[in-house]
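There are two complexes below, and they share chain A, which is joined by chain B in the first and by chain C in the second.
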Partner chain A sequence: MRSSLVRQVLILAALALAPGVGGAVYFRHKISWRSSILPSELATVDQAHAWGGNVIWVDARPDDEFASDHVPGAISLNEDRWNELLPEFLAAWSPGKRIVVYCSSLSCNASREVARRLRKEAQLPDVFVLEGGWEAWLKKKK
Partner chain B sequence: MKTHIIAFALSIIISLSARAELKWEQTALELHPTANDKQAIGHFKYQNTGKTPVHFKSVHASCGCTTAQTQKDEVPAGGSGEITATFNIGDRTGTQVKTVTVETDEATNQKTVLTLKTIIPQQLELNPTFVFWKQGDKPDPKTITVKAGKEFTVKHIKVTSSSPDFQTKVEEKGNGEFQIDVQPQETKNIVASTLTIQPEDSQKVFYATARITNAPTVQ
Partner chain C sequence: MAEEEEVMNQTPDAQRPTFPVEVSAEDTTSNVKHRTNIIWRIIGFIVAGIFLYAGAIKALDPVQFASDIDNYKILPWPISVALAFYLPWLEILCGIALVVRVLFRGALSILIALIVVFTLSTVAAKARGLDITCGCFGHASQNWSFPSHLATNLAILAGLLALWFQSSSKS
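Let's turn to the complex of A and B:
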């Protein structure tokens, strides 16, 4: 009786898992909506603070969010107005500076994209994405 | 025991057939806007195949660059409609994947993730988009390579420097490839220039920056 009940539970669990497993196999080649990032390309709030004045903070969020609040001294650089904002950012950059890009951590990919373009298109070194994003910075500020 | 299992399965089937259910025509769309388009718009169509109304609880886009709108808050049994997702291209390039999360009051599948993949055509690819010299460096020319995108034919480009402190020279390499040599007059002062690159017979403008920077920061 007991073994029969266990068997039925296992069968039902397997049936419940089947669509998920099938989907994972079927969509295995589909791209993710989050671009991949190496651990060495991430920086924590503490690391960025430790770099002191040698850091340029880059805010990748939309204009309205930047206008509402941002890391003191941060430069706005988002992909809505990339062509217009990039020269302003480059005016603040000099060799040896570390760049820390952040956006909202709530399912946003903007900081990764901005960091990727700074590395690939402008060919700048020492570009990092802030781990935990804007929310992590706010939490540390408190 | 077998009778119990069959009865249980039947009760589930009956309850499933009676519930409200949104069937999506597609939950993933691929859009191909033109080079001049400012927005890419996707239409995710659905139908309520259940016997009770479905209510949208929330429709949330993954990023500020995407908005999503429902036509109505309630979908009656048998009713259909669509969610319109609008992706603002801005100055984005390449393949962009954004999502819209839809929450309903259905008994199951309350959350559906709609995926909008947008392939933005790139007429010209610049590499790099930034060239710089440190103060005191020898003012040797630096090169920006320009390549036409796969679907585009570009025979000539026009390059303009916003500042006379930098000279530019364009060399046509053939097959839609060009080489721009950028050279500062001197590197004593911190100066910058925006280089405007425009393909012949096109309204689209591309930008690069040339700059004399200060010496590296001591770490």
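Let's turn to the complex of A and C:
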């Protein structure tokens, strides 16, 4: 009885491997196994500075953190008030501009999520996540 | 009156309406069993449908699902990616197994284990103050609150356990 149950579980677990591997092959260019962000979607502080005035900085941190300090000229766009803040951002955006999204540090997710939504929901090109986030920007400033 | 009694006494047993009454009782029992079976089948279909839908949505967008798993901050990124490719198909296969009643109890065991792990991860994330999207049903569940997320998981778990105990009593 128990061995039959274990056998059933193993069969199902093994059967799911094949389409899982198929999916991994099919989506291999859309996801990186090393980092949650594709290297082509990351930008360093130096890179962003090199782009000069062609960059729109997007602050994905909560409102209070944005209010206390932010990258000069940055626009606040966080997930808490997405619907409210998105029109303000879109009004500032123009085709050809690169968007660099940042949150607190290397480990935060907010910038990645905001960047993903800008690409998927707002259909915007050239959206990058700032490597190291606000902390990295502060370090370079010093 | 006495004549009537005499006629009754002369009537052979075979003509008395005892047999049809017994058949009717058996019919009733089998009807109840049939209806109960139908209800269990419906519960099975609903639970299977939930996992088929959830699995299909995630299989179509494993990138988003990997990101959702990563948001729980429990597993390293490469494992989140591997699970994002594997788990949706496991859910789909288990859903199919529930519908066609092949490897039925194996599928139930896997789904019960999965829903328990999902629920515990959600509670742990909430306890750690993480504000996450559950990722259970792709974008459809992106704005779910913690209580609705938990209630859905517990309802699915209840359905799975009911099916498990029903199949145990049968076997």
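Heads up, the rule we're going with is that the second predicted complex is superposed on the first by the 106 of 142 C-alpha atoms of A that agree within 3 Å, B and C clash if a C-alpha of one lies under 4 Å from a C-alpha of the other, contacts with A are read in each partner's own complex, and residues count from 1 in each chain.
Rule of thumb we're sticking to: contacts are C-beta pairs under 8 Å (C-beta built on N, C-alpha and C of every residue); 3 or more make two chains touch, one makes a residue touch a chain.
None of these values were measured; they are calculated from a predicted model.
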Chain B versus chain C as contact partner of A:Gln8, first or second or both or neither: both
Which superposed partner A:Ala50 touches (first chain B, second chain C, both, neither): neither
Partner chain(s) touched by A:Ala92 [first = chain B, second = chain C, both, neither]: neither
First (chain B), second (chain C), both or neither touched by A:Trp82: first
Touching partner for A:Leu124 - first (chain B), second (chain C), both, neither: first
Partner chain(s) touched by A:Ala67 [first = chain B, second = chain C, both, neither]: neither
Partner chain in contact with A:Asn109 - chain B first, chain C second, else both or neither: both
Comparison of chain B and chain C by chain A residues contacted: B
On chain A, the residue positions that both chain B and chain C contact, one per complex: 8, 31, 33, 109, 113
Residues on chain A engaged by chain C in the complex (per definition of touch): 1, 5, 7-9, 11-13, 15-17, 19-21, 23-24, 27, 30-31, 33-36, 109, 112-113, 116
In the complex with chain B, residue positions of chain A that touch it: 4, 8, 31-33, 54, 61-62, 64-65, 78-84, 86-87, 90-91, 93-97, 107-110, 113, 117, 121-124
Chain A contact footprint on chain C (complex, rising order): 59, 62-64, 66-67, 70-71, 77-78, 80-82, 85-86, 88-90, 92-94, 97, 103-107, 109-110, 171
Residues of chain B defined as touching chain A within the complex: 1, 5, 62-65, 88, 90-93, 95, 97-99, 115, 117, 126-130, 132, 134, 192, 194, 207, 209, 211, 213-219
